[in-house]
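Here the structure comes first, spelled out in structure tokens, and everything after it is commentary.
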Amino acid sequence: MSEFNAINQRKQDHINAILSDQAIDRQQSGFDHIQLRHCALPELDFAQLDSQCTLFDHTLAFPLLISSMTGGSGAQLEKINRHLAEAAADQQIALAVGSQRVMMANSDAQRSFAIRRYAPNVPLLANLGAVQLNYGFGLDEAKRAVDCLEANALILHLNPLQELIQPEGDRNFAGLCAKIEQLARELPVPIILKEVGCGLSAADIQRGLNAGIGWFDLAGRGGTSWSRIEAHRASKSQQQALGLLFQDWGYTTPQALQNARPFQDQARFIASGGIRNGIDMVKSVIMGGYVCGVAAPFLQPALQSTDAVVQTITEFKQAFQVAQFLVGAATTTDLFLNDALLVQP
Amino acid sequence: MSEFNAINQRKQDHINAILSDQAIDRQQSGFDHIQLRHCALPELDFAQLDSQCTLFDHTLAFPLLISSMTGGSGAQLEKINRHLAEAAADQQIALAVGSQRVMMANSDAQRSFAIRRYAPNVPLLANLGAVQLNYGFGLDEAKRAVDCLEANALILHLNPLQELIQPEGDRNFAGLCAKIEQLARELPVPIILKEVGCGLSAADIQRGLNAGIGWFDLAGRGGTSWSRIEAHRASKSQQQALGLLFQDWGYTTPQALQNARPFQDQARFIASGGIRNGIDMVKSVIMGGYVCGVAAPFLQPALQSTDAVVQTITEFKQAFQVAQFLVGAATTTDLFLNDALLVQP
Amino acid sequence: MSEFNAINQRKQDHINAILSDQAIDRQQSGFDHIQLRHCALPELDFAQLDSQCTLFDHTLAFPLLISSMTGGSGAQLEKINRHLAEAAADQQIALAVGSQRVMMANSDAQRSFAIRRYAPNVPLLANLGAVQLNYGFGLDEAKRAVDCLEANALILHLNPLQELIQPEGDRNFAGLCAKIEQLARELPVPIILKEVGCGLSAADIQRGLNAGIGWFDLAGRGGTSWSRIEAHRASKSQQQALGLLFQDWGYTTPQALQNARPFQDQARFIASGGIRNGIDMVKSVIMGGYVCGVAAPFLQPALQSTDAVVQTITEFKQAFQVAQFLVGAATTTDLFLNDALLVQP
Amino acid sequence: MSEFNAINQRKQDHINAILSDQAIDRQQSGFDHIQLRHCALPELDFAQLDSQCTLFDHTLAFPLLISSMTGGSGAQLEKINRHLAEAAADQQIALAVGSQRVMMANSDAQRSFAIRRYAPNVPLLANLGAVQLNYGFGLDEAKRAVDCLEANALILHLNPLQELIQPEGDRNFAGLCAKIEQLARELPVPIILKEVGCGLSAADIQRGLNAGIGWFDLAGRGGTSWSRIEAHRASKSQQQALGLLFQDWGYTTPQALQNARPFQDQARFIASGGIRNGIDMVKSVIMGGYVCGVAAPFLQPALQSTDAVVQTITEFKQAFQVAQFLVGAATTTDLFLNDALLVQP
């Protein structure tokens, strides 16, 4: 199997694993332990509620980003990204594509990422694995990734746990900071440093800041577990056991937001990982998430249709607005970093 | 369906939902986590125990209020209120009726609220939704509501969550404070500001005080969940999901009593929401509830007979008195705000 | 049914309830949350371990008291007390009889309490309900109770919860302190003030001290629940519900030992209520129990034979000594109030 | 049955009990409540990770010791130790043998301990019960134990709980410290003082230090429960009950590591008891374990083959290295006592 075919097949395997094993969604984000202050007299008109925010010079209807999931060669992968893009455009929210490494190996895969035509007016985010900078990728690949979807920013994802569990994983993370710094200097669009389900630590954020990064996607534990997904792909029982052993490794998203707190005046943070409804989103914004990333809950609808994705987006939006109203916040800005809206335990 | 018929049908729907789904009573009030100080040598004669208190110039046998539930056109709704009123009179406790909005739309519904004839000597409380002040109601409707049952006070209920989940909900809560203030100045009887199962916050109470309100019914989370009730009424699955998502939103009643604590010298507070027995009542009074409101546990008996309601009242009373005796409190006043009766964790 | 027959029948009912409903033993004493310091190098010889203590001028093999349970007219009740007495004598531990009120109503019942002949050399404790001092009992009855078994002390039990749940309960606890004080002055043997499963509070102990009492049996919550026992005896469903509602009322035995702590230099405390093995006993002694009372675990063996009771006593003793050895305490005195043996959480 | 046969049979009984009752492994070590700091940007190359450490002048591939388990006369016992030794040699980790008391009673048993030929270049540890110093053993036996496997050190195990539950247990632990001190002075190799599943206390460690001991194996609670194992061997139900009652006695391994903390500059500590994977190992090293001992997880593989043991070792190693990488520690030294790697609760 060529490298291209291997990567492409892997993407399919990941999707199959998620669809077949409910426990990949760990349901341990911890958001349920956080309580919001109810306001019985909000002095607001629900019809006037303003939930908008601005992301990379685009206005979003509410602070939602569909997080990086997929892309590659094949009808199904193309369909997923098209449905997501059309729905994002329709609902005026942001969208990120999955890792574009596959399209560097085979240009057939490009088409699935070329989604700007479906979503001309919303933020679109490109995606590459940061570790690939140690395996031959550089400014050139980054530019191609961005250009392919006329992206507003490039996500560089950090997934050390996944790489270690994957038999074919790329495990040399040494010297990455310097390479990220150089790329950040040279790339015309901003870079977002992102985990994939273990959360960023304060030290990670500090390193990113030192490398000139101004955006971070925290992608905490408690939602999709990549370690468990890789356990499904493992052929040897030892590898499977390893994947399960590490399935709950890392910071939850609320913990990661705590990690980010001291850096709120130096960077913007995307809250993601285990966000499952609009209440989780409101909590995330209050704790410092500038926008909220959600991945797995959009996989099933994306396989179905643009309408199904729109439907899921409106569910998030309705719940977001009900919670926003009930804490008495007229605007998203009234939520952001407003600790007074949390009930202290 | 006329507006009247719609409101009337809704009342019926609510009752059916409660009777068919036990989980509408969330059983999460948190009272069980509060421990009372046992007194083995109470130096009291149970026969001499004084559990009385005074509410709106009436003496209650013990601090119980049957909280607002229903009223409207139709034999069943009339029967419920009559059973409640006769039992309240018999047992010398207070009673509130459900929202009287329905009788403004159709005077047929008035009869079900005209319960003063069944209960001449106990406090009776009228009820309207505060948000209706933004939808055409004013002093006139308030007076009609009060007059209909010669009420001792008018409850204005705040139910933003319910209105947001209800497809037909009234969602403009802007500018309510000023209207409440005006009504409080003009209405001859006191106004009680009340939640319906999410609890009042300190900010809500402060706003009420600023508007001249001297009585609050905290109506906290943990008992009847209106969000879950509305989920039953929803026709679309998305609306159902929303109702379930918010079913545990808000402050528990013990939390709401904490919220009220700093205002105890400026107002009186009714503890309600999830109070399920006389022990919960004693805890509520200790934490600052001047009287205790209970709704859902009286629904089934009220459908049955006056005797069944009397029976339920005496169950609450027996348990209240046993607990009062066992903490060594000769009078209800000995309980009120007496922190020494709580075991500190 | 005569008063005598009623009391006698009640005793039988209690035993039947305990034997038929395992949940009467609440298993919520909380002892399991307390951790003892393990000592791997105890520098002790198990064969030399000294577990003795002195109670009312008798030496006990280890600090165990079989707590008050029964007595009355009838072969079974006599048998129980005889088996307990013979085993207590054999194993050199203390024994208390159940309430002797029954023998005041009918002298037939005396025989079951006249157990000194079976246990000439161990502490035997008489028992009456303190509240009976408000119902005609006085020095005379107290003396008869003590004399009947040549008791070393008289237990006056305080059981307000039980009396309130019992339909036929004696509920006037007013003015008891003065009567207890007078009795304590006049009775030739010491009085032990005792709860029956709700624990004594600091206020109770202070009142007892003021009345001249020097011994307290804390009898906390978490073991036998009298409220639940009375629920079994209730004929009306309302009374049953009341019994179940209060089944977990009161202080656990560890809490009651905390209540007693400030008074340790003014009185002696018997730890009891939910003590189910020798480890619980060691914890109790460390927390300030001078001896440990155990009731329900001895009921079944007592119905069987003296040997069965001996067997149960030796189980408690073995576990007590293993735990004593493993915390490195050569003597019972090394355990008493020795906080250093508890792992601080 | 001769003493020799009795001891030998006992070893077999222990193994059978463990193989037949999964609950002997208590799974309550508490390691899961400790959270490690995830590092998304470790700046490490997995291929360059250094997990080595030095133990008794030997370099270990990673800090693993297979803890004392068995030895004695008979093909199975010999096979176990041979498999363990060959795998330890192959994987470059340390190995301890089970108690060698049996070989003092019958020299037939010596062969099973003579494992140096299978593992010439790794640390091998001899093992005797400390309490045997009170039952006739002394320098002579200690030397024979060490010489038999050319051991690098002698483990003296302290198992007071096991001895008390065992009907035939040796229960005189008095005066042991002085004897240990003398042995430590005279024996040419270091002595390691070790528990067997209840953990060492600070007082135990202090006593050991006073006796000149420089190595401790903490062997905490939460993994193999010897009290429960002995319950299986008990013939009388009373003895069985005692074994079960004490099955969770003692300090967990994390607690024992806390106990050891103040002594870290005076001695070296082996963390053991309930360590079940490489994540537990990393946590243990961070909390002060110089190496990590694991016993029960190796029993089943050891019965099977050298390969099976190798396989289990590599599972521990893989997980250890993944966790080491993910906390960003280039070397084992970077882990040791590095509190910054723990998420504070």
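To keep things simple, chains are lettered A, B, C and D as they appear, and every chain counts its residues starting from 1.
As a convention for this text, a contact is a pair of C-beta atoms (placed from the backbone, for glycine too) under 8 Å apart; a residue touches a chain by one contact, two chains touch by 3 or more.
Given the structure is predicted, the values throughout are model-derived calculations rather than measurements.
The chains that touch chain A as well as chain B do not exist here; no chain meets both. Relative to the C-alpha centre of chain B, the farthest chain centre belongs to D. With angles rounded to a multiple of 5, the C-alpha fit of chain A against chain D returns 90 degrees of rotation.
At the chain B-chain C interface, residue numbers used by both copies make up under half of all numbers present, so the two copies contact each other through mostly different positions.
For the pair chain B and chain C, the distance between C-alpha centroids works out to 45 Å.
For this pair, chain B with chain D, the centres built from the Cα atoms lie 63 Å apart. Within chain D, not a single residue touches two or more of the remaining chains.
Chains that are in contact with each other form these pairs: A-B, A-D, B-C, C-D. By the touch criterion given at the top, residues 36-48, 277-279, 311, 314-315, 318-319, 322-323, 325-326, 328, 343 of chain B touch chain C in their complex.
Residues of chain C touching chain B in their complex: 130, 158, 160-161, 164-165, 171-177, 193, 195, 198-201, 203-204, 207-208, 238, 241-242, 245-246, 249-251, 255.
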